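Quick heads-up: structures coming right below.
Shared between the two complexes below is chain A, which pairs with chain B and chain C, respectively.
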Partner chain A sequence: MTLSGGSIIAIKYKGGVMMTADTLLSFGRMARYRGFSRIRSFGDNTLISFTGDHADFTTLMEEMEKEIEHDVQQDDGVVLNASEIHTLLTRILYHHRSDMKPKWTYLIVAGSDKDGKSFLGYIDLYGTHFECDYTATGYAEDLALPMIRREWNPEITEDQAAALLQKCVKVCVARDCKQSSDIQFAKVSETGTSLSRPVKIDCDWSVASYKEIE
Partner chain B sequence: MGEFSPYVDNGGTTLAIAGPDFVVIAGDTRLSTGYSILSRDVSKLFKYSDSIVMASSGMQADIAELRKQLLFTIEEYRVDNERDIELDAFYRLLATVLYGKRFFPYYSFNILAGISKEGKGVVYSYDAIGSADARTYGAAGSGQELVISILDAALKRKPDPLSIDEAIELGKSALKQATEREIHTGDSGEMYIIRAGRPAEYITFKLRKD
Partner chain C sequence: MAEPVKLGTTIMSVKYAGGVILGADTRTSAGSYVANRVSYKISKLSDRIYCCRSGSAADTRFLADVTKTNLSMHSSIIEEPPLVRTAARLMRHYTYAYREHLSAGLIVAGVDEIEGPKVFQLPSGGSAIEIPVAIGGSGSTFITAFVDANYRPDMNKAEALQFVIRAISHAMDRDGSSGGIIRTVVIPESEDEEVAEEWHKTVL
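Moving on, here comes the complex of A and B:
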């Protein structure tokens, strides 16, 4: 058994991409480390977040750092955008699965593409990859995606996006036993990336029926 | 712990129908694993030239890799021969690339559609390891059995030659029928209509999203 991270939810909004993840690393069903940031900002305009094996993700990021360092040494002014980082990570993950040594992670990459348009991409341990307007991994795939499909549209504002994510996370906290209520929000837009400090989602447990039985 | 399986089935259905001087090739755009839909908008069609389109279903990651390998090779062909690759050569190329991975196959089921040197519409149908033959129509993927039955009934003993409008409607309707009964197929459909001496035309159509 290893340390693993839970759900991620990410959506595009008018002017950027917003993403949310809890700050828990689980060891099986034990809540092993709290306060761990599963969203990483990469370069100055890309966010990468993971569900799955923490050690594999760390190794992947080391591989990526090497690639970036190689790029920097070229000294040609080329900086990878989120779309390119998404492709690079896809190739790395597909390579490892073809080697029969998969990196057990589901990744969400957010940022912008070469034209400066918002980018949101998904990759899994097999190398399955695609671009999308919204996506979720882990239990949030079942819990949050239907809610997003119902409410999302391309004109959604930043505030509306934040409210939607908040609503989705609340359901995840209530239903996913491995979801922590300490949540991080992150966004990436023209002005760069920003990562919030962990915030507490307060769920109203007074509605729970065990209160009645007491 | 069980051994890691490097394969996933991402589902989806593709088909192609050839006529005297045209060919249509279509597929749905759903990407799924098991019971969950990963995306409703991932293409199974890939256009290599004005008259060569490949439709692939199976494992999306393997298909992406296969397309990339083919693109490398046809670019090399273009540089070496100073002309674009033609359908008969591409047919052999795809078979060879697939068989080259005989002992760790690409999990992909491909249909190739194009116009032959004689100006006739041709469909080639492949298995995962490159066994292929020329047909007048074909289907592949998770809705293969449903689609092929519909195409058999419509085309096998058809007395008069197939018109292009008939082929387009048959292709669309066969995919729609598969979507009714097969959960890995749906969301939206796309189709290339390839006529002799003309660049391929691209159309999309709606499918059930449930």
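Moving on, here comes the complex of A and C:
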């Protein structure tokens, strides 16, 4: 049993990428640490979040920061963008997998460059990696992706994206044991990254008065 | 292979000055999936005796049904409302005989004319003990100290109800296997007052 993070959902909208994650680190079935932001922002143009082992994620971020530090020290005016960070993380994860010591994490990398071109990519503990318009990790893969597939289109606005994510998160809060109801929303666009304060998402409980079979 | 359906849970029952209150969360899980987020974990055994169920949803449902039936037959024979002690005894007969096969932690609580308000805890293993306040299920571990520090035997109905709702709210806050809303059943000692079955949102 180790400290772990839950689901993430991320979708592209017209102008950027939006991501949502709860603020909980679980220890087995116990909700151990609340109010913890699982979405990390890098530079002004990249967001990374994780499902899975927290210790492994922390180590991955440390390894990545070393690489970014080398890049910054080149001082050539060019910094790693989200797509390059995605590739870098893929290589690191695949390397650990090939040593039979995987970093047990499922990552989502989201970013936007100065031209407004959005990036969204997925990486898992095996080094499986792909780019996509929308994705999710953890339980949200089963609960949220079907809803997104029905409603997403490339012209979706920021407000529509936020509403769609709210809908998906409500289902996750209702149906995932390890999901907390304090949710953080984050977005990245050509103007930079922004992370919201945690918001409490509640379900509709009107179904509570149903009649059981005697 | 499908995950078994369990009542990873928080259940409790307290005796107050004038009756008993039973409380439970409403989350039924199959692995990490919430199969039912509004389930009923408090079952009626007789008019004034109810039980809280934790463990396997199937096992405890069976135990409650068979105890209800046996209790009803017994009550017809003696031509009196049954004792809470009898309900606990009848249930314990099964939880002890089949202890290797069952996964069930139960609380039986109610009122009767002879012994008044009573709470019995039947932990897995097949024993039965009578105590003034009982907590059970996976979420109970998180509120053991809270209950120890805050229970008072002289609470009135309103205080006892708030105590139960607060305790279960705290357990639900920490236990991934507990969640949803809080169902309560208030069983007053006086015949003039009705048994009240309600549900409440968490106070946290």
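By definition in this document, the second predicted complex is superposed on the first by the 203 of 214 C-alpha atoms of A that agree within 3 Å, B and C clash if a C-alpha of one lies under 4 Å from a C-alpha of the other, contacts with A are read in each partner's own complex, and residues count from 1 in each chain.
We adopt the following convention: a contact is a pair of C-beta atoms (placed from the backbone, for glycine too) under 8 Å apart; a residue touches a chain by one contact, two chains touch by 3 or more.
Everything quoted here is computed from the prediction, not taken from an experiment.
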*Mind checking chain B and chain C on superposed chain A, clash or fit?*
fit
*State whether A:A174 touches chain B only (first), chain C only (second), both chains, or neither.*
second
*Classify the contacts of A:W205 with the two partner chains as first (chain B alone), second (chain C alone), both, or neither.*
second
*Touching A:G16, do we find chain B (first), chain C (second), both, or neither?*
neither
_Just checking: does A:Y139 make contact with chain B only, chain C only, both, or neither of them? Give me first, second, both or neither._
second
*For A:F130, select first, second, both or neither according to whether it touches chain B, chain C, the two together, or no partner.*
first
*Identify the partner contact of A:R29: answer first if only chain B is touched, second if only chain C is, both if each is, neither if none is.*
second
*Which partner does A:Y122 reach: the first (chain B), the second (chain C), both, or neither?*
first
*asked:* Taking the superposition on A as described, I'd like to know which of chain B and chain C A:G52 touches: first, second, both or neither.
replied: neither
*Look across chain B and chain C in the superposition and give the shortest C-alpha distance you find, in Å.*
13
*asked:* If we count contacts the way the header does, which residues on chain A are in touch with chain B in the complex?
replied: 90, 94, 97-98, 100, 102, 122, 126-130, 132, 141-142
*State the interface residues of chain B toward chain A in the complex, per the touch definition above.*
4, 6-8, 10, 31, 33, 36, 38-39, 41-42, 59-61, 64-65, 104
*Residues of chain A touching chain C in their complex?*
26, 28-31, 139, 174-178, 203, 205, 207-210, 212
*Note which residues of chain C are touching chain A in the complex, please.*
8, 26-27, 29, 32-34, 37-38, 40, 138, 142, 173-177, 179-181, 199, 201
